[in-house]
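Have a look at these structures, which come just after this line.
In what follows, chain A forms one complex with chain B and a second complex with chain C.
Showing the complex of A and B:
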């Protein structure tokens, strides 16, 4: 430890960030009836309760489903937008960037209310999940856009020209040259999109279909009337799910950046 | 085996004419360089030949067939880029295989062609390396191999040596030239380095402001430049004022020569055009054509203002008594120091008549 002050500072920052999570995880193994920390005895009973709770199970399925669909749509649109932004936007570049990042700049509750008006105005309403998926796509789009355009900025146009000179058509060039080289950006962006969609409350709260619920909303509902360690178990499971998604994508798809 | 014919090729960007109606005929197997300062239109011309830029007007024919409307990926060209543009996520082998896969070449033939070309660029055994595991010179050779392995109609090179250090650059000049001779492929080479263009090319196309200033063999461009701009671009040059004298020069040795009075006396100078007696003209005199002798040995008299030693040659700045300044290059075996008075001799064949004085 060459720099004790700096080391201490870093440890404090980590403690500040991670302590609440540790508290939640710890509380989830509570044997008692109340959400307390430190736990009163160790037990997995609240996990059992959670896995037998149909309402929570339905909510977690809905959350995963919406996050997956939103990620695919957002990943596709965001990547295409980034391509346009980096390669063709010309003097509209700044305008395109601001438009794409607008959902980040606006308070989420405004976006949610505006979308709510909109889905009713065009007659879709909230009887289906369409409105909620659109909302999730909207708020996750900037993350895909930022990540993909960052990796596109380091994509050398002469790679594309070289591939052309070797006889590759547009689709082949995209599939074999560009996509592999911007993959870290696309996957990074998609991960962000998935996690943010899985996590978001406001948009889901306004736009969720009648009778459906995502995990954060269900948890909120639950905590209004109950204060059992089941809530901590739910939170722990959702943290683990998020970690699993990150690790699996890293292993399977590869997040490593090519070093040139 | 391809002959390339470029006819009145023009490229406009808005109102600017980047390339302004140039025509070049490139013979089968010829090595042509497009030489000029940045912004002269040489790269734009190359990109039009490759198909990366659309021609605004004019024709580009490969063996008589106009390819202006053929997209780059169907033109069957091999291209080498300044920054090599190797695919960083592919090994050397995969980089080379890419073009062959596009041509649906069967695997066994693909492997034998890759092996043959890698051998040709002296990179056998590097198949499994990634580009970032290779040196600049090696990457350059892989880029060359990738362009050649598809056996294209023509080979296009865009300043391929610009990113290499001086020593390697000289090696690669010879390497590329020898390789091109062996393969016998029609080649267009873009550079702003006159030495590179001179040593490698069969013919050099000198371009300024989107137009061709001169096309010719390297010796032609160097010894008989079309104008002052060309003369100054392809090497160092001294300008000497003179006046055309009357009277004709007879005999075969005198054909095409003019008699000119100058500070070096009356000299018979090569020229492209005839000028009337009495016309004030500008002569060019290459620094390496001048001979320095100790003072009092005839010729023009002057004084050494500066001396720059650089190993294989010495550069002198000489102030003539007639107030002109000369740049002289000699072998380092003469012992003349700064401040010495000297006699300056210039042989008649060191001069070239550039044209009437401005």
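Showing the complex of A and C:
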């Protein structure tokens, strides 16, 4: 190693970044009734408790359902907007970009509160899940947009022209040329949107109705009053779910997700 | 040359859904919340009839809230400063270091972003609590008699916030450093500049945009953070975002909550503008 001090320093920072995550995973195997150190033996009992806990299982289903619906909607809208942005926006390009990134630039707490008042003002309220899904679409939209427009920027218009000069119609050109080229961007953006939606807290917290808590909300509520390692088991399962999505996307599909 | 692209309403269909979504569910709600902040407080209802500026005068008259805003800004500022100091060397190493494990290191920096904020804050409560891992280890080793106060105070909040937002500092700075041609430094060194001077006069000014972006991101994110201060600060230390959300969820004071949320956001935006002005001026002075 050329610079031992810098390397050591970076290793310490990486340890700092990983510490709370590793601690949660470790705590989930604690056999004791409380989070005691050192742990009173290893056990999977808290996973069993978790899988038999209807409240948490319902929350996980809600989270997956909201994330799936929000991903499909924001994936479609975001991809269309990215197509417009790269190919048709012209002098409005910068304005479109800022508008599409707005949900990311505005404080999430303020967006969540504003949306809460608005769904009541227009009479939707929080009895259905419409408000929550709309909120999730809003905050995931920038990630789809960033990923798809990044993959579109490398698109060479002359390919499209070549196909056109060979007599391909508009739909054929989109299906045979555009779609295969932007597919990695669309899938990458959608996967990242799914993760963001699955993990997000503030928007769900403000817009949840009765009985529509997502996993992060249920976990947060639980943590305010309980101290058993069950929360750690819930967290570990949630982390593993996210990891599976990332590993599948990066290894199997060979994607590189753009986060910024 | 191809014939000019067909102009017309066709392409607008692509942007229409996004425009409608953002217009209806982002612009209108933001206009609505501004109106809401001027409404009368309600009795038994979220808001009453008529308009007032009372929600804002209440904010400026009551030193409790001014103090809380100052406290929140202070926590944001400290978090940003620590993230910068801690993150810069890591960004440097990622951008310039000849590492065999660069992909792994990059993954490590990104990994916290993929774990939900509730889980990460929970991890810190396990570490920092009075009966937490750190205190138990230290008492076990006989180094301390009573647990160190690491949680339920500003210190705990800052530690956890630094963890939560560090990647947002490292990534933009890393990108900026990658954009600086190393031969510029070599040129400066060959002209007799010390390693420190070359860094201060060449590298630092060139990667300022990345530093600014990272600082603004971390600062704004820590101002509006709710989960981390709520779980780590408990009831004892409250930041502004926690007060705002609790005012809305627990007491249903919509106009008052709106005014508080807007004041927090406006103060944050003002800080960002001042920061942008200050850093730009300073760097220009530094360069001439």
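Operating definition for what follows: the second predicted complex is superposed on the first by the 235 of 260 C-alpha atoms of A that agree within 3 Å, B and C clash if a C-alpha of one lies under 4 Å from a C-alpha of the other, contacts with A are read in each partner's own complex, and residues count from 1 in each chain.
By our rule, a contact is a pair of C-beta atoms (placed from the backbone, for glycine too) under 8 Å apart; a residue touches a chain by one contact, two chains touch by 3 or more.
These figures come from a predicted structure and were not determined experimentally.
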Using the touch definition from the top, say if A:161 reaches chain B (first), chain C (second), both or neither.
both
Counting only touches as set out at the top, which of chain B and chain C does A:180 meet: first, second, both, neither?
first
Between chain B (first) and chain C (second), which, if any, makes contact with A:83: first, second, both or neither?
second
Tell me the contact category for A:99 with respect to chain B and chain C: first, second, both or neither.
second
State whether A:172 touches chain B only (first), chain C only (second), both chains, or neither.
first
Looking at chain A, which partner touches more of its residues: chain C or chain B?
C
Quick one: classify A:59 as touching chain B (first), chain C (second), both or neither.
neither
Which partner does A:70 reach: the first (chain B), the second (chain C), both, or neither?
neither
For A:111, using the defined touch cut-off, is the partner it touches chain B, chain C, both, or neither? Pick first, second, both or neither.
second
Quick check on the output: what are the common chain A residues between the chain B footprint and the chain C footprint?
161, 164, 259-260
Along chain B, where are the residues that touch chain A in the complex?
50-52, 71-79, 81-83, 85-89, 98-99, 102-103, 131-132, 146-147, 150, 156
Of chain A, residues touching chain C in the complex:
2-3, 6-7, 9-10, 13-14, 16-21, 23-24, 27, 35-37, 76-78, 80-81, 83-85, 87-89, 96, 99-100, 102-103, 106-111, 113-118, 120-121, 134, 137-138, 141, 161, 164, 195, 198-202, 205-206, 216, 219-220, 223-224, 231-232, 235, 238-239, 242-243, 246, 259-260
What residues on chain A touch chain B, complex-wise?
156, 158-159, 161-169, 172, 176-177, 180-181, 258-260
Taking the touch rule as given, give the residues of chain C at its contact with chain A in the complex, in rising order.
2, 11-15, 17-19, 21-22, 25-26, 28-30, 32-33, 36, 46, 86-87, 89-90, 92-93, 97-98, 105, 108-120, 122-127, 131-133, 136-137, 160, 163, 166-167, 171-172, 175, 220, 223-224, 226-227, 231, 241, 244-245, 248-249, 254, 257-258, 261-262, 264-265, 268
